[in-house]
Each structure stands twice: as C-alpha cells, then as structure tokens.
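Letters are used for the chains, namely A, B and C, taken in the order the chains are written, and counting of residues starts over at 1 for each.
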Amino acid sequence: MQIAVRKLAKAYGFRWALRDLNLELQPGDFVALLGPNGAGKTTFLKLLAGLIEPTQGSILFDGAVLRSSDAVRRRQVGLLVPADHLYDHLTVQENLKFFAALYGKSDASEQVERALAEIDLLERRADFVADLSSGMRCRLSIAKWQMLDPGLLLLDEPYGVLDGPGIDMLEAFLIGHCTRGNIVIMASHHVARALKLCSRAIILHRGHLTFNEPRQDPWPGFDAAFGDFLPHGESWRS
Amino acid sequence: MPGPKKKRRGILGALALIAIAIGLYWGLVVAPPDAYQGEVQRIMYLHLPSILTAYLSYFLVFIGSGMYLWKREKRDDLLAHSAAEIGVLFTALTIAEGSIWGRPTWGVWWTWDARLTLTAILLLIYTGYLMMRSLIEDQSRAAVAGAVLGIIGFLDIPLIHMSVYWWRTLHQPPSILRPDKAPWENIHPSMLTALAISFVGFLLLYFYLLSLRYRLGEMREEIKTRRLERSA
Amino acid sequence: MALLSQTVLLLRKDILLELRRRESLLTMFFFGTLLLFVFHFSFDLPPDRVATMAPALLWLAFLFTGTLGLAQLFQAERENHCLDALLLSPLDRGALFLAKTLFNFILMFLVEIIVIPLFWMLFNLSSWNLLPRLFLVTLLGTVGFCVLGTILSAVTLRARARELLLPLVLFPLMIPVILATIRCMETVMRIGEFGDALPWLRLLIGFDVIFLTLGVLIFDWVIEA
C-alpha cells in the first residue's frame, strides 16, 4: 500500500493543529513521528486513521481517499492507543474474538490463542480487561493488531506503559510487520528507541512538518533539528 | 462585504414594509368584516401568512439539512440554522395571533384545537433544534446534529399532522372554517385581495429577515477564518 | 449478509456487557414500575374513566423508562474510546444503528413484559385475552421510540445537558406514535379489537418503517468519532 499525504491541514475552532503537511510513504517504511507536546502528532494519526476529517488537503491510500463505507481499505488501517479501544467488561479472550469477528476473521479461536501466547497473556485469558494493568492492556492491544495485521499500523505513544519484556515484544512485532511489506508510523517521546527501529524520521512542530529524512548513521541533520526539544542538557542517545 | 448585496437587502426590506402596510390597510379598512366573526376575523390577514411562512421555513431547514449532509458545505448549514431561527419566530408569532383571535371567539386564550396543537408541536420541535445546536460545543458536530434533526423533523410533520387531526376530529365538531365548502367560497373578493397582499408582504419580510440572519452567520464565519489565518 | 452478521455481533456484545454491568435493565424496570405505582395512587380514577386514561399513563411510563435506556445506550462505547475502535474498523454504520436500536428495544421489551400485566392487575382491568393485542401495539410503539431515540442519542453524544436534551428533542417528534398507541390501546380495551383504530395502527407501522429506513441510510453520516 502506498500512502500520499497532500497539503494536509486541520483546524480546531480558531487554531490550526496541522498545516500544509506533505508526505509520501512506501511499503516497508517505519516512520518515527517525533515532536514536542501539542505538535499535532495525535491529530495526524487520527487523520490517517480516518477518525477525523481534514480541514484542507487529502490523504490517499493507493490513490483513493479513505471513506467510512470503504470496508476493504478500513481493514487495512490500524491504530494502537495503549490503554484504549478495549472493552473493560469483556474478558481478554472475548475482546480479541470480538475484534477478530469485526474485522471479518470468522472462527479465529486458534489465532486468538496464538496471539495471547505470544504476548504472554494466555493464563489471563478469562480475566476482565478492567482488572489488567495498563501495561498488560497495551500488550493486549499489541496482540490485537498482530492478529488483525493491517497494511498501515499507527501507534500513539506505546512505550509509556510497557515494561522491559513488553518493549521487546512490541519491537519484535513492529520490525516483523514492516519486513512483511506493511507501513508503521509510530509517535513517541522515546526518541532513542524510535530512531533505532525506524527507516525514516519526521518531526512535527506547532503543526508544521519541520524535518523529514530517511535514517542515516551518523545523523547530523536530525541532531540539529531535534536539539531544541530535549530536556535541558540531555542528548537523545540514551 | 457592503455594496450591492446590502443594497439588495435594503430594497427587500423596504418592499416588505410597503407590502405589509398596503396589506394591513386593505385588511383593516377596505375589506368588510366577517359575517360570522365580526372584526376579530381581521387577524387572519396576519395569522394565515404567518403560519404559511413558518412552513416555508421548515421546508428550507429540510433542504439545507439535506444538502449539508450530502455536500458538507457550511453555507447549507447556515441556511438551515437561519431558517430554523426565523421559522421559530414566525411560529411563535402565529401562536400569539391565534391566541389573540381565540380569546374573543372561543372565550379562552388557549385550546387544544388541532391547528393550534400542531403549531405548538412545531414550535417545540424547532426550539429543540436551536437548543440542541447551542448545547453542542463542536461546530461541525452541531451542524450534523442539526441536519439530522432538520430532516427527521420535516419528515415527521405530515405524520404529526395526521395524528393530531385524527385525534381532534374524533372528539370535537369541525372547527371554525366550514370544511364542507371550499374556503374561498365563503370569502368576499376584497378579503381575498387583502390576504394575497398580506401574504406577499410576509413572504418579503421573511426573506428579508432570513437574509439578515444569513449575513450574520457569514460574518461570524469570516471572523473565524481570519483569526485562523492569523494564527497560522 | 455482512450488515446482519455485524448487527448480531454488536448486539451479542451489548447483551453480554449488560448481563455483567447490569446498569440499564434493572434501573429501567424499577423506574417503570415506580412510575406506574405513582400514577395509580395519584390519579384516583373512577372505574369508567380507567379505560380512557390508563393507556396514556402506561405509555407515559414507558416513554420515561425508555429515555433512561437511551441515555445509557452508548455508554460502553464512551469508555476507553471504544467508539473510535468501532469507527476505525470495517464496520457498516448501519449495523451499529440496528444493533443499538435492537438493544434498547430488547431492554424495553423486557420491562414491558412485566409492567403490562402489572398494569392490568393494578388498574383492575378485565379480560386477559386482550393482552396480546395490547402488547402488539406497545411493541410497535416501542420500535418507533427506539429508532428515533437511537439516532438522536448518537447525534447528541457530545452535547452538554444530554439527559435533559434528549427527551426535549425526542418527545415532540414522537407525538404520532404516542397518539396512535394510546388510541389503539383505548379502542382495544373498549371493544376488544382494533376496529376503527385500524388507520392508527397503519400510521404506527408507517412511522416505524419510514424512520427505520432513514436510520439505516443516514447513520453513516450521523456518527462521528
């Protein structure tokens, strides 16, 4: 799947959240979406997911706009928000089965089992999501999207709640996902990890795209662009 | 921007005023009093045009709502919202006029006569429309909500009409306008003329007020756009 | 057909959640019964007036009960932004509309199945063989309520004072249903069959069909993340 973002802009009331965004993505791209708070990262992800409508410009998936009635394309887009998009009073297993059925995968019991095993939640399959910690919920979301396998996977700050093993699981999943020809766009404040995984980094600042380069090593351009956004006296190489 | 549009509005307003003045003169002075109801019948020259323009308004709300859901152009939503506001105004006017007529005729300020009931329900629906729009913060969500209500409301009107009329006619004798004869057979020609002129006047007044309200909405949009441009 | 299977999927999820959370059905049931009792003792109806007034009171009790259900209708989707998850998916929005309408309908149906016999006993009405027809009328009216209610519930999701706004906007639109159900009920209680209330019955069915169709067609444009 090819993605083209053309002159994308979004305004909320009297304020522009995003302005004049242009971007082209190819299969296999892993994009690190970086920038300070309020830069417009979440807005951009929601626009890509088709949850909100742009004020100006367009996003094209293989040349066509994503419509709410376009089931085929919708199946190809996933959004991972760490603790959300799960039903509190359904069990771990029921949630996965529900979403599998929603995305047209009938009789997914085996896939559900496998997904749960991979993120190490198999023995908690009958627990309500409300009883899980936020880290576990994030793992469940990872399992969900692993099962649904979208062509474009968007992630909004997944590192925040994950522990060490969780991070390993996430990164293994994301790298594998890209290798299979899908696109990943991940918004994160964990710059070092994001840069290690990505094939391209973009920086949003006050709604504008201020930096867009494929990964290099060393990366003086990135150092220069990102320098202002770091806590005082720190480097992003942790 | 001021200029030709403002002038056209001004002319519209002036014409409306003239037409209403002529209509009032015709209705109050030239036309004879009603054979059965006497002088109080003259309020019909205001009452009938009021309710007809109110219905026109709701039709425009329907059109604006439908167009907005289809094309999502702000001007269609503005038309719907403006028409709803002016429509509520004219409906309230109709009810007030009906009440004024009712007091000397039936002895009461209000009764659940079919027509009055219907008008009251319309007032409730479209006041609800305005309230709903003001209670939804996000402007585009408010517009969608309004559009949905505008369509549902209009489609419901014939159903409400039927149910209220059936409800009432099973309980009371037919109302004042003799249904067995066509309305115009009862009416003296100069009364018809007065009615026609009044109607034209109200129509002009309606479009004048609508254009004012629409212009207000346009200006608000313009302010929003300019503030947006400046914050870029 | 995808629409039907998706509707069933969502409906089962909602029923499962309701069985676990128990936040709608019990409250609706108790509220409906409470209203019935309050109406009974506050309106001291002589026996000859009962047949004329009782249907109106019954239907009024159902309207308010149903409004409780409507306010809760999208509650599960409001938590954890699950509505976003649904809209993100290849879900047909018409299925979401049908599922929610059906869900509210089932809740009201369960309440009505208890309250109508209760009402019959409380108001000392005769001939139990009239109950099926009464029930039919109630169900048709409930469909109309649920259809319009779901559309308006979805459209006012983010409105302030939502619990007040919903009935304010819904009730005037429901007038044809209210009048039709009362007139049909009253006729059935008076002469044991629909008789000259048949036009009312047709009006009721027409209302249901029109707005059910509208709901399915329009819901795509109505629901937003």
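Keep in mind that, in the parts below, contacts are C-beta pairs under 8 Å (C-beta built on N, C-alpha and C of every residue); 3 or more make two chains touch, one makes a residue touch a chain.
Please read these numbers as outputs of a predicted model, since none were measured by experiment.
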Inset, instruction - Could you compare the number of C-beta pairs in contact for B-C with that for A-B and name the larger? - result: B-C
Inset, instruction - From the Cα centroids, identify the chain that ends up most central relative to all protein Cα atoms. - result: C
Inset, instruction - Find the chain most remote from chain C, comparing centres computed as mean CA coordinates. - result: A
Inset, instruction - Quick one: report the Å distance separating chain A from chain C, using the average Cα coordinate of each chain. - result: 40
Legend entry - Chain centre separation (chain B, chain C; CA means) in Å: 32
Inset, instruction - Could you grab the centroid distance between chain A and chain B? Build each centroid from C-alpha atoms only and quote it in angstrom. - result: 51
Legend entry - Junction residues of chain A - those touching two or more other chains: none
Legend entry - List of chain B residues in touch with chain C within their complex: 69, 121, 124-125, 128-129, 131-132, 135-138, 141, 144-145, 148-149, 151-153, 155-156, 159-160, 162-164, 166-167
Inset, instruction - Flag every residue of chain A that touches chain B in the complex, lowest number first. - result: 11, 13-16, 19
Legend entry - Interfacial residue positions of chain B with respect to chain A in the complex: 139, 224, 227-228, 231-232
Inset, instruction - Spell out the part of chain C that touches chain A in their complex, as residue ranges. - result: 2, 6, 9, 13, 16-17, 20-21, 76, 79-82, 84-93, 220, 225
Legend entry - chain B-touching residues of chain C, taken from the complex the two chains share: 148, 151-152, 155-156, 158-161, 165, 168-169, 172-173, 175-176, 179-180, 183, 199-200, 203, 206-207, 210-211, 214, 218, 221-222, 224
